[in-house]
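Scroll down for the structure; my scribbles are underneath it.
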Amino acid sequence: MIYLALILLLAPLVGTLLLLYIQNRSKRLSVIISNFSILLSFFVSIYLLFLYFNYNYLPETHDVLIFADTKLYYLAFGLYIDSLSLMMSTVVTSVSFLVHYYSISYMKNESSFNRFFVYTNFFTFSMLLIVLSNNFFQLFIGWELVGLSSYLLIGFWTKKESAIKANYKAFLVNRVGDIGLLLGLCLIFVNYSTTNYAEVFSLSNTINNHDIEIFGTSFNMLSAICLLLFVGAMAKSAQVPLHFWLPDSMEGPTPISALIHAATMVTAGIYMVARLSPMYALADDVSLFILYIGTITAFFLGLVALVQNDIKRIIAYSTISQLGYMTAALGASLYSLAIFHLMTHAFFKALLFLCAGSIIVKCHHEQDIRNIGGLRKFMPITYMAFLYASLSLIGFPLTSGFYSKEGIIDAIGYYDYTIPYLMLLASIFTTTLYTSKIFFKVFFGECTLHDKNEKENDKEMLIPLIILTAPSVFLGLFIFDILMSGELFGSALASNALVIDFYNNYVTNSLHFFLHSFLTVNFLILVLALIFGYYYYYKKSFNISVPKFVSTMLEGEYGFNNLSSKYIPIFQNLFTKYLWKKIDILTIDNGLINNTSAILDKISNKVRKFHTGFIYHYSLTIISALILLLLIVRMQY
Amino acid sequence: MNIELITFFIFSFLLIFTCLKVVTSSNPVLSAVNLVFSFFLSAVLWLLLGAEFLSIILILVYVGAVMVLFLFVVMMLDINIAKKSAAYINYLPLGIGIFIAFNAIIIFFFINTFENIDYNAVKNIEIISKSNTENLGYLLFTKYLVEFEIAGLILLLGIISAIVLTYKKNPKNKYQNPTKQISVTKKDRLKVITGLKE
Amino acid sequence: MIPISYYLILSTIIFAISIAGIFINRKNILILLMSLELMFLSVNFNLITLGNYLGDLTGQVFVFFVLTVVAAESAIGLALLIVLFRNKKSIDVDDLSELKG
Amino acid sequence: MFDYPILSLLIWLPIIGGLFLVISENMSNKLSEYLTLVITFIILLITINLSINYDYTSDQLQFVERTNWIDGLNIFYFLAVDGISVSLILLTAFINFLIAIYAVSEKYRNKSSFLGYFLILEGLLIGTFTAFDSILFYIFFESLLIPLFLIIGIWGGENRKYATIKFFLYTLFGSVLMLISIIYLSSIAESFAIRDFYSLNLSFNEELFILIAFLIGFGIKIPMWPVHTWLPDAHVEAPTSGSVILASVLLKVGGYGMIRFMLPITTEAGIFLSEYMIYLSLIAIIYISFVAYAQDDMKKLIAYSSVAHMGFVTLGIFLVFHLLDSNLTAAVIGLEGAIIQMISHGLISAALFFSIGIIYKHSKSRLLKDNYGISMYMPIFSFLMLFFLMANSGLPGTSGFVGEFLVITSSLGSNIIIGLLAATSLLLSASYSLKLGKNVLFGENIKNTQGYNECNTNEIIVLISLVIFILYLGLTPDYLFQIIDHTTINIIDSINLGRR
């Protein structure tokens, strides 16, 4: 079992090393290696999943590579195989394989073709490192490596000025989150001298009644650790304060946005909180904080998506708001629901991005939806895929998005967190609005394509679209009952009772949930938004004058945009220049060092004049010294 | 007030007077002569002290040799006496100040530290015989023989250095240099001329 | 019977005069050398008187050596003076200040 | 075990070789390069042999060589090795071997004496790390300056005179204070061996003065915050290999000295002052990273970044003082973090200075605005340089992270705020290293006015071997942990025993 997991983990790494070795000698070779390595790990993870569920293995954990084994502490890389990690690795490897296959054609006319695949393979390896790790230390290493690969991939087109700025910003914001994660990790490591999940979970009760004092006031140790770890998750999963790097990371090639900024990397934060659910279940004040962060992100960022015009940025904002849904579920400690939405979201969001990619390639890198239109007739497959994905995104009944998103909203409503419930309901309206915006603008209206007769896209692009539509529509239905009844993630996640209890007396089974949903208010909002979108975007029959300050605020993403593009760079340059010029050079360097030597020069010049050269001056000094000496001797007597 | 004391007082006052004249006179010749006179007076005082040999030596060595040197130098270098700089006047108070300070300290502070201050200075120390010269001679050639030789060397040194310093080579005068004469080789004397056809 | 103190006082007075002499004269180095001679003279005075006081002839032997040294010293002094005069054309004390710092 | 005096050989072979090279001017460049390569390779082999035979389980000093040297003052020629010295000697030998390889392709006038000085410097460095007699240590500590002074002074940049004199006087001032305290200590202990100083019980303000003297002496060498201004000037003016050896090994002598002298001898005063010293090193980490961001000269930027990273070393050491009473495991972690940070920073800063040297070789200018778009013309080199910049910003998986991780862990043992401030270095070091990477590597460069072309073989060899070691220390530093583990625990136990 463990060796299979090792193959699963190391296959992409071997792929990266091989690709590094062949250094784009031949495109075909690099394609084969990269796709094959991801395919291998995909099959292994499917096989392991199959093994795990049919022969219901117990979760295993093995330490693979010893990092440091000293008398006082023990650090090592290890693998942890249980339902959660296997499900996650299957999602990661499947999406990654499809994106690899897709990018064969997307990147075919790129000069550094091989480099792209090196980075994507490396990304998959580091993502698997996070998913399969059994201790905090390896989690942090995978976390940073994922940040690194996203930095490399966003800045893939090194010549594009905006790409370089975007990846610099993305890496730094991720680093802010990593500081929080590192502090949490080190707090555990120094006080309990172990980083292994199992040991920490067993200690979590003792941690709960220790406390740590910051600035004199004492906080509960467990809630401090959970808060710090969540800060890391906030940066990686783009929650409100640290989210502004995700829209800019659309500078990278579209397959990257599909793989990293929709399906896998951004979900690492959600996965971490779910994996540490035994700790988060105990720290309820932190969970409340997470709940509110999630709802705020879901609602407000959804609003921003309405005013965007770049197709990829709209989808990016929708990703952030969907992540907000997941964090809200985590906050309400409905961990299995959050993972469920994570999985379904991974598929249909990846599908959305890939459709956007094929649209962009077709319209020769035109990303602004205002001057794309009427592609329905010319790109039938992309149109069909986009339709299903957006239905699933909206949460149209029977689609997988419906099961996971409605599940979360109703569960939060069921456990009567009133304000979050209302905000999530409102964000259904915004989600449907902006998906209909793209849908009607891009596929209906007059056609802007000039080469109409040409075939849609080469087949490597279209096959992944077709393959992806299946899970993004039917996955929800397929695993809804197993998950909700607690079998799927029984051991892996804590506090399943909440979800099971919700499932038994509110949902009973998937079919009932489907039929019942038509009566709920969610569906009502959905239909209303659809009609509104239809008339507003397609028929353009009326337009609403949005109040001035609202639109400017939304355009400026609540000020985050110019905060990151104007204020922080200005602060960085001016403040550091000031520090360097004023303090380092002026006070220390010139102030202390150079003018001590200047003072010495002045003194020595004065002393020099003392030597006049005349003999009588010298004899005068000698004699006066003699007299002085005699006086002193006389004093002694 | 016995006879010794009187002579001592007379000669010491004269001595002080002449020393002052040496220092304050503007004309170097005058000061040289005063110096000679002060040496004579101090020789007499030394006689009083019972050091006859030294007083004679003083007169012979100092007055005979050193003062003559001084006078030679004074005569040779045509020092223009006319430039009587009044400048030294305003340094006078400083000079007197130093003079008084120095005397005050030595005399008032140290003299009364001697226990038997009025010990009789006049004494005739006999080692092998009564006469001072004989005793000195004995001491010089037994106990201080090495120092005596060194004194001779110092004088030799004085002579040589004085000559070396002041001897100016006169380029015009011709003289034979044997070393150069010997080191002549065949090449710079003989010149073989070849290829002369009759 | 002349008490020692008189002689000691006499020699200090001569010594003081010669020190003052070094200051006062601004005219030429010769006076300087002469006052140097005076200094030696006063030293010899002390040597002899204290030699008598201690009843030991080494004082007088030492005076003998002092005389030889002073003779050699003044010879060299005067030679220097002549060389100085040759290239400075004046032996005025104020001109000799090349060693100024 | 073999019987020949391995440590003396390690010290005197390079020194003699170096002298020979320096004296013989008319030696051709090829021969001098070859000779340096051979000598440094031999030294590397001997050090590897040394580290294999060093059994890290025993707590005593090993390979001890002790003959009396100056009988009058009972000063002994006392060489020995413990965990920390072995790791630092390994670092010195490895870096010098790389310099020998790198210098083959460099063009310097009278190259034989240039390489000779490096060999002398290597011998003296090994001497400093093995000397266990305080006077011998002081002599080696002082004589380190001379070869470096000559290297920077003769083959340096434009206003090298100012830089070298400042560097020389700075370190000299520091070591004078150190000499005073050594003499004072030896006068009490009647012997110059360092280990005898450990058992002295000094009064509190005696310890305070000695601590301040050592702090200034070694603080200047490490460059701690207020006395660091000599490092950027020295680096800007030094030739590439000169600034490599300066950054990678010479700064570690200060850290080594602190561990060897300050920790065991002046513990009481150290505990008393540890609060302020921690603030000092925190300032070094945060404030210097800001200053590093503002630089426009590549070498200055890396110089300031090495000051910031050495701030971690001092933080680790002063945390030991701070945590001696409260949490011993955190103190041990802190000390091990400091040592590993020293070694990893040695490798990373060496790599960075090599790569800047290579860029400088092509574009003849170190300013950020003159070099852009290197990745278009030197893909392999820019990949390696990006790796080094990542390592410099403490990316896990590279050795840069290990040291900082341990120091931050131990700082959280005492107070979370210190941990938070130290952890901000993660963000700050990333900001300036990536700024360097962003401006220099990426971007558009069509005309290639700087004449970039792929670097030649021995440069690649140097960079690749550094990558291997950084990754090795980053992923499985277990061997290094084994070597220094016993020594650190031994030091901390001896401190606690001393205090009881």
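For reference, chains read A, B, C and D in written order, and residue numbers begin at 1 within each chain.
Convention: a contact is a pair of C-beta atoms (placed from the backbone, for glycine too) under 8 Å apart; a residue touches a chain by one contact, two chains touch by 3 or more.
Source: prediction; values computed, not measured.
By number of C-beta pairs in contact, B-C leads when A-D and B-C are compared. Look at where the CA atoms of subunit C average out and do the same for subunit D: the two points lie 66 Å apart.
Between the CA-based centres of subunit A and subunit D the separation comes to 37 Å, rounded to the whole angstrom. Put simply, the C-alpha centre of subunit B and that of subunit C have 8 angstrom between them. Each of residues 19, 23, 26 in subunit C touches at least two other chains.
Counting partner chains per residue, subunit D has no residue touching two or more of them. Residue positions 98, 102, 106 of subunit B are each in touch with at least two other chains.
Which chains touch which is summed up as A-B, A-C, A-D, B-C. Per the touch definition, subunit C reaches subunit B in the complex via residues 1-10, 12-21, 23-28, 30-31, 33-35, 37-38, 41, 44-45, 48-49, 51-53, 55-58, 60-61, 63-65, 67-76, 78-83, 85-86, 91.
Subunit A meets subunit B in the complex at residues 623, 627, 630-631, 634, 637.
By the touch criterion stated above, subunit C contacts subunit A in their complex at residues 19, 22-23, 26, 32, 93-94, 96-101.
Contact residues on subunit B toward subunit A in their complex (touch as defined above): 98, 101-102, 105-106, 109, 113.
Against subunit C, in their complex, subunit A makes its touches with residues 608-616, 619-620, 623.
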